[in-house]
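Each structure below appears as structure tokens.
The following pair of complexes shares a single chain, subunit A, combined with subunit B in the former and subunit C in the latter.
Moving on to the complex of A and B:
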């Protein structure tokens, strides 16, 4: 039993609605409709996740929909992701289906952002996008030229 | 009737649901056909066939299950066919069970009654 350590598993056939915070390692093989903060998240092949994820590492083999903010994302061949994906490093296997808004380096530091920092990340992202389009952006000090 | 041996209920099962570690979970959980094992903090409703609260587990809310083993803490309403509160178990609330065993050392506070006749 203790082989499991502190890994939380949502079994196949199980379903959960709600909020999970402070999870270390979590594996999802069931249906989740949740708001999740964790270190490492695995969505198994039969897993379905709907909702926000904030994690250092996310491995997706199943279905994900929502806003994900992760340090590293690995979408395996059976993955299907829709929604918004904020990442620092992304690996995608042949066959993975990404149908989402993808943003790289949404935040320079601290991969597992607190929820209250979402707006900052969005602003930063918008500024970067505007700059990329050569649109004149009203200069602000934190843009760093 | 007797409850399944604890070891059998908690033996590693690939499809079981395990809530382990320091995490805090809030919401409603349906374990499907497989056991649900809780060793973290859970607030909300649980529906399952076999439901186990391990020593570090703390559950607040409503639980509906067939067999329940409590080694940890439970607060709230519990409806089940058979309940075992082990020596480390703490139960506070309203319990409805048809088969009940409370080990020496367990703390049980609240009301205990049978499940309504229709299920028997």
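Moving on to the complex of A and C:
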């Protein structure tokens, strides 16, 4: 078996066109025109990425253009980002160029908060049902008689 | 979260490698060595190319030197090709020098071509 380590690397002399899925850790120093799904993406200083990224963590030191959906984004001093950026946490170094639509993703937090309210509602409903039963039980024998 | 690789988040590398978990549909053009261990549905253009034993390639491959340990389905245009014992190749082969190891599965049409590709 050949082991390459855990990283996928697109070298400085490489150009790629297409779709990549299931790349766990990917480092891009070349030119990419792609739709990428990964855990961790690093766009190097000489890297050019054009296209969509979906990842947990994206470190941008090069040029990015497209729609990025990431848990954490780190734009280093040499980064230039344009397009759309959806993030949970964002870190920008002094000098980073963001020229894009930046959206913080609230979704996860809202769904996390929702169940507790439902639980309360369920308890309330249960209590009402119990009460209704208690009231209903004595009346039924009379109806039977 | 970001602290681990703060010193040099990006060290420029010329080597390209595609990991075994990765699945790709598209075209790769590389002027430097490329090691491919994942699944590719598309074309590859490279100088020095190696398909690891986990690689599954479907498409057209153009290279100067090519080493195959994995599965390839398609056509290959290269100067030098070596198929190792774990290689599985079906398709067409246009090349100058071929080396096939004992145990390699080859079901292909060979053509000796005096072409040089980059």
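The rule is short, and it goes like this: the second predicted complex is superposed on the first by the 102 of 145 C-alpha atoms of A that agree within 3 Å, B and C clash if a C-alpha of one lies under 4 Å from a C-alpha of the other, contacts with A are read in each partner's own complex, and residues count from 1 in each chain.
Convention: a residue touches a chain if its C-beta (ideal position, glycine included) is under 8 Å from a C-beta of that chain, and two chains touch if they have at least 3 such contacts.
Owing to the predicted nature of the structure, the values given are computational and were not obtained by experimental measurement.
Overlap between subunit B and subunit C is detected when the two structures are superposed via subunit A.
In the superposed model, A:74 makes contact with subunit C only, not with subunit B.
Contacts of A:34 after superposition: both subunit B and subunit C are touched. Of the two partner chains placed around the shared chain by superposition, subunit B and subunit C are both touched by A:11. Within the superposed three-chain model, A:44 lies in touch with subunit C and out of touch with subunit B [touch as defined at top]. Taking subunit B and subunit C in turn and counting the residues of subunit A each one touches, the greater count comes from C.
Of the two partner chains placed around the shared chain by superposition, subunit B and subunit C are both touched by A:22. Across the superposed pair, subunit B and subunit C both touch subunit A at residues 1, 4-26, 29-30, 34. Residues of subunit A touching subunit C in their complex: 1-2, 4-27, 29-30, 34, 42-47, 57, 59, 61-62, 72, 74, 76, 89, 91.
Remark: subunit A residues 1, 3-26, 29-30, 34, 38 touch subunit B in the complex.
Across the complex, subunit B meets subunit A through its residues 10-34, 36, 40, 44.
Here subunit C touches subunit A in the complex through residues 1-2, 9-32, 34-35, 37-38, 42, 52-54, 69, going by the rule given at the top.
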